[in-house]
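Could you have a look at this structure, given as structure tokens, before my questions?
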Amino acid sequence: MRNDGRRPNELRPLESIPDFLEQPHGSVLYAQGKTKVLCTASIQEGVPRWLYGKGRGWLTAEYSLLPASTGDRTDREASRGKQGGRTIEIQRLIGRSIRSITDFEALGERTLWLDCDVLQADGGTRCAAITGAYVAARRALDKFGLSKVFTGSVAAVSVGIVAGEALLDLDYSEDSQADVDMNVVMTGDSALVEVQATAEKTPFTRARLDELLELAAEGIEELAVAQEEAVAAPRG
Amino acid sequence: MRNDGRRPNELRPLESIPDFLEQPHGSVLYAQGKTKVLCTASIQEGVPRWLYGKGRGWLTAEYSLLPASTGDRTDREASRGKQGGRTIEIQRLIGRSIRSITDFEALGERTLWLDCDVLQADGGTRCAAITGAYVAARRALDKFGLSKVFTGSVAAVSVGIVAGEALLDLDYSEDSQADVDMNVVMTGDSALVEVQATAEKTPFTRARLDELLELAAEGIEELAVAQEEAVAAPRG
Amino acid sequence: MRNDGRRPNELRPLESIPDFLEQPHGSVLYAQGKTKVLCTASIQEGVPRWLYGKGRGWLTAEYSLLPASTGDRTDREASRGKQGGRTIEIQRLIGRSIRSITDFEALGERTLWLDCDVLQADGGTRCAAITGAYVAARRALDKFGLSKVFTGSVAAVSVGIVAGEALLDLDYSEDSQADVDMNVVMTGDSALVEVQATAEKTPFTRARLDELLELAAEGIEELAVAQEEAVAAPRG
Amino acid sequence: MRNDGRRPNELRPLESIPDFLEQPHGSVLYAQGKTKVLCTASIQEGVPRWLYGKGRGWLTAEYSLLPASTGDRTDREASRGKQGGRTIEIQRLIGRSIRSITDFEALGERTLWLDCDVLQADGGTRCAAITGAYVAARRALDKFGLSKVFTGSVAAVSVGIVAGEALLDLDYSEDSQADVDMNVVMTGDSALVEVQATAEKTPFTRARLDELLELAAEGIEELAVAQEEAVAAPRG
Amino acid sequence: MRNDGRRPNELRPLESIPDFLEQPHGSVLYAQGKTKVLCTASIQEGVPRWLYGKGRGWLTAEYSLLPASTGDRTDREASRGKQGGRTIEIQRLIGRSIRSITDFEALGERTLWLDCDVLQADGGTRCAAITGAYVAARRALDKFGLSKVFTGSVAAVSVGIVAGEALLDLDYSEDSQADVDMNVVMTGDSALVEVQATAEKTPFTRARLDELLELAAEGIEELAVAQEEAVAAPRG
Amino acid sequence: MRNDGRRPNELRPLESIPDFLEQPHGSVLYAQGKTKVLCTASIQEGVPRWLYGKGRGWLTAEYSLLPASTGDRTDREASRGKQGGRTIEIQRLIGRSIRSITDFEALGERTLWLDCDVLQADGGTRCAAITGAYVAARRALDKFGLSKVFTGSVAAVSVGIVAGEALLDLDYSEDSQADVDMNVVMTGDSALVEVQATAEKTPFTRARLDELLELAAEGIEELAVAQEEAVAAPRG
């Protein structure tokens, strides 16, 4: 039995508020349990200099934790003057994940910016950022008649081994005592995009890896359904 | 007649959602028209090294615009590696404003962090940040039995001369065509804390300055009432 | 009675040495009491990239305290690797002040650089920098036949409430015990350009604000006279 | 048939020169095909401040590409003033990998520094860095009588899908056309430490993932043998 | 015959204004022709952490070119966010030169800061900085009863080969066409402290080097006399 | 008699491994005693923007100490976020030295990058970097049919006064107790390129300087011979 009464293969409650903001091209306030991420998508004309004139677009993702999102305050990266290693690693992951379903010819010479700002962090923020960023980006692309830019959907979920048991969608208290921690990114039709498994305490077996992959696939199926609802929600 | 139908001395609609987040010590999502600022307050044990052992506390405010808050995306300061001049100027103003009502002996050797993250920007963000930060800070202090740290309340509002007329609470479209732009910070009992008036286009007269100060005082009276309601709202 | 025997509404002794240096386009060593600022003006052909081809010029002001200017040595910003918040705030103020009297069409596609380096600091350095920068800039513009770029003159002075009394042109010892501290920038024909009033200790009334504004206006009248003399001094 | 005539499940030629340098505590020049990494290990007394007095050690890994290592010169990170995202991601991976076999109580209040400098890059540099760092670290620990700090061995290898075929130990030309790219870190007794699989072009199936994991396990078995030889080589 | 009518072995006119500023512990405005350097010396209690408790002092020199000092404006290092290579090289040279005559035991646990800010640059600024820094430092040490800290005096001069002729004390126009450029630092009793000779265009012979060394020794003898006068000048 | 049994005028054993790496345009692993420097040369099409269209090339040298090269680990400059003063000074010296024999018209609009990475440091690293960089650069230029770019050869050696005796090619233990430390750069036909002499402890006489210059000239003659052998070695 988990802290919050969930079954091992149960996601936390999901909530999406599309068009949470009016000014960005696309936005969603995406919550998975207490983890809340504000995802926005901005479509800019033009591409970085080294892509000029190739008829292809570009995509950049950025991620940040608001200082108080973690309860105990974390230093603001802008005032420390650089992004930490964890932030850089996460935003590279978000970017690769969304790029895997992006047709850059269809985007044309435009840049798609995805900003994922974690308002409240309770585990699984990088996965929630990917799941939410897809929704924000889709709504922005649809608004500009660019629906064909995405060739499918993509979502992510964390899984892990805690006290010997495989669990879906770890919250912070579970994550901090996990033996194995794994993030899985998959498309809406169940293909793998990214697998990152890490032995936090002790190395693990292939059997454990397989068990976690199953659990993740189940979770992502549910997330994909929720994403489609949010994408289809009426304009705010 | 203004764009959105307001009278010259009318504030935009105000909305405060106290305890918008559960994990920070205090939080409020504060909106004034389309301008939305997430203000959080964090109380940390300890003070900067140069204040050790003096029995007094410290207060630091930080401000940021989320990249997509402005519609056209603005670069993220954390990834550019430094805070811009405007950000630095604003967070210094927020800090001075709240310090003016803070009794640092009553705070004791603690640091009060105020984070003001602008989720959507439509003019008046620095003033909204001050008005909201007071609410977030009060709720955090009250929760920890530190209500006496604040000796009063403080709020801020922008005023300006647009097309020859003095207006209260400028939105972005008004602000960008103002001849004079002024931010006024006052306490709940109508004393001045900070006055910053700038001739954006042409120098102005004392009479104009006086007119704007009157308008600001009216606006702040209303803001102070809204603040007290938000401070008194039941715990989320 | 003030430390140095001045009346409340008396400026410190003023001294301007125009053409203190031979190589910059314009220069003045400007002293107000012990505060000494070396102001230089440089006119560069060309403007920043985003202004190309618009037929308008640009103006940038930079400010710095020499490390030993303050008696107790202050760290050099170039070796710390960034400008502090106070420096950034001040150089933005200097820039806005001089821009308020600048006709950028008349300047043409040129950049006017104003450098204000404080050789000795005894209070009021930002105001002295504005007053001196105007002189250095005027002399540089005159030398290049660009006298029409400035549509008037501009000067600045600090005022404040010290021990309950309104004083003009605070020195460092007065400034550090002031209850209210205010910097006023005005044109030579007595229009307001910038007003920045701050309650250092306790919030203040409108009446006090009015009193300080009167005092500042008096002081600036005298400064404007001194500026005109320095502008008109024979070439070195 | 691969470019260099290797079978799909064949590693490139391995070469280790332990004690390539005399001054570092441990060093090895480790080559896998044309990829050459100089790995050094340094044991410093003391730990970072936040670990003081807990009786536990610390481990930090750093990675860099020498500018000319890539044939076409890459900018030096020290002169650009910051480490790129790829570097940060890689050195975090090296650190986690070696930490998974490290007993920090046995290390005591010491810091183990691992430096992996790629002299020549031809694919698989992060894996070669892990494989080599283990050897350098073991030799340093053995020299100081700290052999018990490591609870096992660890090595890494890249695998990927190229033109539809699963290949072991990709060189640069293979890596740059791979559809799926995967790095696997395992202990000498075949437990998983880290799995990072990325769809470079198109999402992939579980079956493909399984195939790649098998291939990696085979490769790591061979690497573990080569590591033990290098660890046991006579002192230089 | 040189531009300004000097003989090959003639220094430019020297001028020292000791106590040019009142607040720093020691100061001199030192001019050699049009080159003008403001040198200040500050004595701080305490030393860097790694010198704690050893009974010895420390000395740090910093150098900067004011942006307009060069006629054509140079970017300000504080706003670019780092000191250039030339600056770093020069301030290291100034530091080494003054350290060569410093008795750190006699200084005790204090730090002597030397700041050399070039107000106007016309060649030879690093040498003028050394010559002036000695004077500022001596006056500061004498004021605090620390005269024994210096075991002698030190001065510097540039020499070079221009159009085939060996010249003393190059100005900017000479320096920029020199074939060989050399800076020599010597004590008041004619011992060498630092010799830096550089072939700007073509390698040079030992005979040329010897000729330049003679010329430098002559120049430094004169500089040492001027320094003693400035050191002995009555307090301002 | 020296530590390692050398005569005062004896170089340490020299070893050059040309083409130590296959991918850079030119490379040599150059050792002088325990000091080992990996020098690579890269020829890039194009020049910095300010040289466009002038038909001339450019040369940049970079230097770094690998963290563990010094036995006791030195912080990595890339992770500290800036190059130290010593590094900057050294890479400027390497650049000037090689430029002194470079015909930039013959190079054409290309940039020659020289990277000198010290794998192991035992004194004299800057001189070894110059001596090795010449070899790497020559081999790269020869490979591309650009042999005429160099108008001669250049090498460097350190000399110094240790315990009253003039010594050639100091190792680290000698260098750290030297009274005078001097680096001399000369061409293959015995002309001086750069002389940098520093009194580490006490100022020195002209006679001492002359003695050291003789010693250096002898050493460089031998180095020039070794360089020619390495340049002429068959392709790897």
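To keep things simple, chains are lettered A, B, C, D, E and F as they appear, and every chain counts its residues starting from 1.
Methods note: contacts are C-beta pairs under 8 Å (C-beta built on N, C-alpha and C of every residue); 3 or more make two chains touch, one makes a residue touch a chain.
Everything numeric in this text was worked out from a predicted model, so none of it was measured.
*Asks:* Would you mind naming the chains that touch subunit C and likewise touch subunit D?
*Replies:* none
*Asks:* Across the interfaces E-F and A-B, which one involves more C-beta pairs in contact?
*Replies:* Result: the pair with more contacts is A-B.
*Asks:* Greatest Cα-centroid separation from subunit E: which chain?
*Replies:* A
*Asks:* Using mean C-alpha positions as chain centres, tell me how far subunit B is from subunit F in Å, no decimals.
*Replies:* 59
*Asks:* Please report how many Å separate the Cα centroid of subunit A from that of subunit B, as a whole number.
*Replies:* Once rounded, the distance between the two centres reads 32 Å.
*Asks:* Measuring centre to centre with CA averages, how many angstrom lie between subunit A and subunit F?
*Replies:* Here subunit A and subunit F have centroids separated by 51 Å.
*Asks:* How many angstrom between the C-alpha centroids of subunit D and subunit A?
*Replies:* So the centroids are 28 Å from each other.
*Asks:* Residues of subunit F that contact two or more other chains, please.
*Replies:* Answer for subunit F, listing residues that touch two or more other chains: 81-82.
*Asks:* If each chain is a dot and touching chains are joined, what shape do you get: line, ring, star, complete or other?
*Replies:* Graph shape here is a ring: one loop, exactly two partners per chain.
*Asks:* How does the ring run, chain by chain, when subunit A comes first and subunit D comes next?
*Replies:* Start: subunit A; next: subunit D; complete ring order: A, D, F, E, C, B.
*Asks:* Using the touch definition up top, name the residues of subunit C that touch subunit B in the complex.
*Replies:* That would be residues 82, 85, 88-89, 91-92, 96, 100-101, 152, 186-187, 191-199, 202-206, 209, 213 of subunit C.
*Asks:* What residues of subunit B sit close enough to touch subunit A in their complex?
*Replies:* Residues of subunit B touching subunit A: 21-25, 27, 34, 36, 38, 40-42, 44, 62, 64, 66-73, 76-79, 81-83, 87, 113, 115, 117, 119-122.
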